[in-house]
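All chains are identified by letter, namely A, B, C and D, in their written order; residue positions are counted from 1 within each chain.
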Amino acid sequence: MTAMESKKRGILERLDAGEVVVGDGGYVMQLERRGYVKAGHWTPEAAVEHPEAVRQLHREFLRAGADVMQTFTFYCSEDKLELSGNVKTISGAQINDAACNLAREVADEGGALVAGGVSQTPCYVQSHNETEVKAIFKKQMDDFLKKDIDFLVVEYFEHVEEAVWAVEVLKTSGKTVAATLCIAPQGDMHGVPPGECAVRLVKAGADIVGINCHLDPLTCVQTVKLMKEGLEKAGLKAHLMIQPLGFHTPECNLGGYVSLPEFPFALETRAMTRWDIHKYAREAYNAGIRYIGGCCGFEPYHIRAIAEELATERGFLPPASEKHGLWGAALEMHTKPWVRARSRREYWEKLLPASGRPKCPSMATPATEH
Amino acid sequence: MTAMESKKRGILERLDAGEVVVGDGGYVMQLERRGYVKAGHWTPEAAVEHPEAVRQLHREFLRAGADVMQTFTFYCSEDKLELSGNVKTISGAQINDAACNLAREVADEGGALVAGGVSQTPCYVQSHNETEVKAIFKKQMDDFLKKDIDFLVVEYFEHVEEAVWAVEVLKTSGKTVAATLCIAPQGDMHGVPPGECAVRLVKAGADIVGINCHLDPLTCVQTVKLMKEGLEKAGLKAHLMIQPLGFHTPECNLGGYVSLPEFPFALETRAMTRWDIHKYAREAYNAGIRYIGGCCGFEPYHIRAIAEELATERGFLPPASEKHGLWGAALEMHTKPWVRARSRREYWEKLLPASGRPKCPSMATPATEH
Amino acid sequence: MTAMESKKRGILERLDAGEVVVGDGGYVMQLERRGYVKAGHWTPEAAVEHPEAVRQLHREFLRAGADVMQTFTFYCSEDKLELSGNVKTISGAQINDAACNLAREVADEGGALVAGGVSQTPCYVQSHNETEVKAIFKKQMDDFLKKDIDFLVVEYFEHVEEAVWAVEVLKTSGKTVAATLCIAPQGDMHGVPPGECAVRLVKAGADIVGINCHLDPLTCVQTVKLMKEGLEKAGLKAHLMIQPLGFHTPECNLGGYVSLPEFPFALETRAMTRWDIHKYAREAYNAGIRYIGGCCGFEPYHIRAIAEELATERGFLPPASEKHGLWGAALEMHTKPWVRARSRREYWEKLLPASGRPKCPSMATPATEH
Amino acid sequence: MTAMESKKRGILERLDAGEVVVGDGGYVMQLERRGYVKAGHWTPEAAVEHPEAVRQLHREFLRAGADVMQTFTFYCSEDKLELSGNVKTISGAQINDAACNLAREVADEGGALVAGGVSQTPCYVQSHNETEVKAIFKKQMDDFLKKDIDFLVVEYFEHVEEAVWAVEVLKTSGKTVAATLCIAPQGDMHGVPPGECAVRLVKAGADIVGINCHLDPLTCVQTVKLMKEGLEKAGLKAHLMIQPLGFHTPECNLGGYVSLPEFPFALETRAMTRWDIHKYAREAYNAGIRYIGGCCGFEPYHIRAIAEELATERGFLPPASEKHGLWGAALEMHTKPWVRARSRREYWEKLLPASGRPKCPSMATPATEH
């Protein structure tokens, strides 16, 4: 079956059939580097201001193999938008509308699904008022339901309680709901362990659960494994999903990469190579995770690396692989013999890339260690 | 004077007036990561195949502050295209035509200039035949002259002799010609020192000379300084230009970053931060260089960092700065106090970013050291 | 009370009185570097072959502040000596005799105590026969009891079971017995956790329990804390002792530093500075440990650093401090201002020492990870 | 010929015969770590205060293969001793006397030669008065001439002019004079290049010239090569000598390791392994240097590594090799297979030792770069 043939099939149909669903990568950080998102509050007004930039990044992820286009609606709750001060004349509803259009337009170019995403709210931390918080999610959901979207994603939640509230609201839509927390293996910000978080989310109605952002791929795989164990112990079932950082963060604690001294403007040296992603994709697959994507730091070529690592399992390569020799094969005709020697899988798997920064350490002290 | 007001003024007018001209960044490596260029031969057929991707990257550089759009015609000589095997049904002339259109279209959106670029040829190394090599440059130049371009750039030459031939051909157009070599402070591949290279290029007719690609910014500033000294000793005058790598390459020798074990698929950890670029822009400016851009590894936010560092000298900020607090200022409202502490110039200037890769070294052994 | 005044008081008298007892450092690795011990089997025949070398190292530790001279009898069981092939004409009894003489001679120069030490046997792993193993400990103990020693130390045991056997034998002497395992926080080689190990050792008769060798100081402090917790839960009491490695081993697992690729001939770059030891001594003290020394990698100046960090608690400085300005104070008269700036505690506490080895990683992969 | 047979032969006889002469290692830094020398002024009063400690270190170097015992008289000029404040009741003459006795006593145990050493004076920098400075050297030389010494060494001079004055004085003794500067390849502190320095020293009467201290072995080999070239150009002849640091100092400049932030109390992580020394000994030999030893950071096992690397050229192994398997051979019987795998030359030659310090950089910024 080709990517095109799976066009009309929903996310659960695909996952129930045991297929690998490749997620897309991170929008806000990549669009920050392209000049369209302001670091700090990271709001998504570019969907209205510069649709061509958002559309292009969607296309690159699609071309790289993504089966899902997430709407560019991160932090697009009214309370967050107001707090940010980034948007004066554009409403959240306008952004949600524009973002849905862009995701749909590009998704239809390649048989991908559109997922409308909601994320944690300032309101939860400030008021801890279930009614108020749920109203925010309801408002954004209603924006989505006016558009042609395939399923909903609850993502980037540090507190499972707020994520549960979001799931409860979004389930009223009748749509499939996926929920990913941005937590560490130690648990959420209230100390609820991952297994228990997963149980709560599934009981609230989530069809797919997992982890996104905040920590590096192998750590996130570890956390999803703990979720899986929690579900198994509770006799519950759900599909597993993962969209981790594209950065190495071995020293991070509960606070995630926000605690690193390099966040957000000096993370370059921590960036994953495509070969790191091959390893991640395999580990995620082996852990039983079938919805595999990325978050901040994942550029199109990282998504392609997921699709290439799992090409046999999926049965096809993504369009962007026409511009990529597997495992460096495109170097085999290079004029320099030492570059030709790099056209082998073993070379890249074994390489320990140097930073070219001898005055820098290899590990930092996260903020909350102090 | 705003960016718009300088719209119709040519490159020499601007440089003669002492203005800083911000160059654009690297196309081939960034488009490889976006899925449109194949590493190895790095040919620019995407100008025809995926114009939207090339247009978008042009726009991002423009928005970041670039005053020049270089046509996406790197390695677009017929001999290189044939050798690459990447393009079967697209001719070099088609690519040149499409690339000129894209550069012009975007340049006109922001008062930028269009520069048609030629680069070194396989023919030079294989035949060393001046007539043949010059015919190749002539053919590409003729493609450019059918279009609306503002000046010509001879770039990415390892041998000054071939660059001189290119300048000689391109000067017949009557257009301004800039020429940048991809050489180290030690000199070109025949051992001709940078000062002598500069003299030969200027004597051949180059109006602007300098360095691009292959080595990190501070090394390239060093090489341009040597060019400047050579010109001064010879009593010659030319404007100075620099478009270095956006990677740290302290251990590189004559062979440049191609010799590094990480080239081309594991260079992430060497990537410059925006703060590294601030330092580079200042050093380049202090060295008397006024055409300051980037090459491979330079993403839009790196170009913005040049424009921000030199905002006082230029008198304005680029459009993309509306999505960027200077020196991290956008973090001053962050909820976490340790993130707010990062909203100061001193913080980012002093930061020594960790790689998160404790099993990797900080320096590699370039291939030719063996 | 001065060091001299405490001369005749036993180890328990000192610890019961709440005094800090400073242990000595590592003999075998230091004598290997001085040319008297052969790495691999690490047997102590130098006590007979080169008594002047052993005596001198004892003196240096005494001068550095050590309150205890351990006999240089590491691995001095007959089965180990025979296995090593290092000693052809010297018996274990001769070594034990000579080593006791040397330790006594130097101890008496400074009011120190002499501890006769036994360590794990090849016999335990090969035969797992309690009678045979106990006979080996009995034989070495009998050698000690012919001499003037103050107490006994059971040290460098990976299996708590064998250590318990050793304690049971040594307690028949009527002497005070200290017992230290070379285990990680995860537990001994059979998976017995540190708390349980401590309980077993104390129940077997050990008066002092703790950790030596195999892992870095802060990890060993962690393990001793776990022992302390185990004893408290069991309602048992014992004094706590620690003699860790003088090397940084953050990536080590159960196998300890033997698993590191650098063991035993390339450990230099992992060596602790004296300032690392200050931190360790304070942490050990704060954890309630009162017998604080070192093992492999601890040179005389590291022992002096323990004595200097705890000088206030002990009430005196060691003799070797007459040749050492506290916290770099001896640099305050240096001719170069940047060296004078290093005569402050803050300078050394904050320094992150560079390795001068840019092609080396900062962490290795221990053998057993494979 | 064995070491013993060469007993009565002088330094020039040995070098003229083309033999390799192995020097001893560094006394002051090693004795600082052993508790007998005070860092800062580094004066050698231990020769009087603790002769057993100095004697033992001499013995270890002898046992490791050293053919020369340098008297422990570093910085033993009256002006330096007074300035230091370290010695109140001991005169320079007493130290010189005691140091000569110790060196002679140990040298005679193994057929080694005794070299009386003088080093640079505070007087030179303060007064720049040739008469005064020469009087200081004359006084120390007269102390030496009362004793049984074989030749004289002028060492650790940053200014060739002062070294020349020392050579001129010492040549009046009729003894062979060796002279080593502690300078970088860039030249002495007045900018006199190494080749010119060598010429001046030989013209002043030095029989042997070279480099000691301040920089790492391979840098010092480079400097001695420049001295050799200078002598060849001038048509002069002299034997070559080298006694470098036992530390990695790749980032050092003219100021040497004193400029490093780690000097003198955090140099551990820069320490050479024995395998680094093998490489150094071979490079020094290949450069035509025949007097090969070490300075600060060289412990007995580093000297043994020189003797082992050049065992074939010398025809014998040193005594301490009886406690050392060549290239790790002593590990071939280890119980753990991964340790046995380290009993091969290839293993240790290829090993890139990790620091275990992920928060530390690999290179520092020397003081004078600021």
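We take it that a contact is a pair of C-beta atoms (placed from the backbone, for glycine too) under 8 Å apart; a residue touches a chain by one contact, two chains touch by 3 or more.
This one's a predicted model, so the numbers in the text were calculated from it and none came from an experiment.
Asker: Pick out whichever of the two, A-C or B-C, is joined by more C-beta pairs in contact.
Answerer: Spelling it out, more C-beta pairs touch across B-C than across the other pair.
Asker: For chain B, which other chain has the most distant CA centre?
Answerer: Checked the centroid distances; the maximum from chain B is C.
Asker: If you average the CA atoms of chain B and of chain D, how far apart do the two points sit, in angstrom?
Answerer: A distance of 50 Å separates the two centres.
Asker: What whole-number Å value describes the gap between the mean CA coordinates of chain A and chain B?
Answerer: Using C-alpha averages as centres, the distance is 32 Å.
Asker: Provide the C-alpha centroid distance between chain B and chain C, rounded to the nearest whole angstrom.
Answerer: Here the centre of chain C sits 59 Å away from the centre of chain B.
Asker: Using Cα averages as centroids, what's the distance between chain A and chain C in whole Å?
Answerer: Each chain's C-alpha centroid was found; their separation is 50 Å.
Asker: For chain C, give me the residues that contact two or more of the other chains.
Answerer: In chain C, residues 251, 352, 354, 358-364 touch at least two other chains, as defined above.
Asker: With touch defined as at the start, can you tell me which chain C residues reach chain D in the complex?
Answerer: So the residues of chain C in touch with chain D come to 32-41, 52-53, 56, 59-60, 63-64, 85, 125, 216, 247-251, 255, 258-275, 299-301, 304, 319-320, 322-325, 328, 330-331, 333-336, 338-339, 342, 348, 351-364, 367-368.
Asker: State the interface residues of chain A toward chain C in the complex, per the touch definition above.
Answerer: 352, 354, 358-359, 361-363
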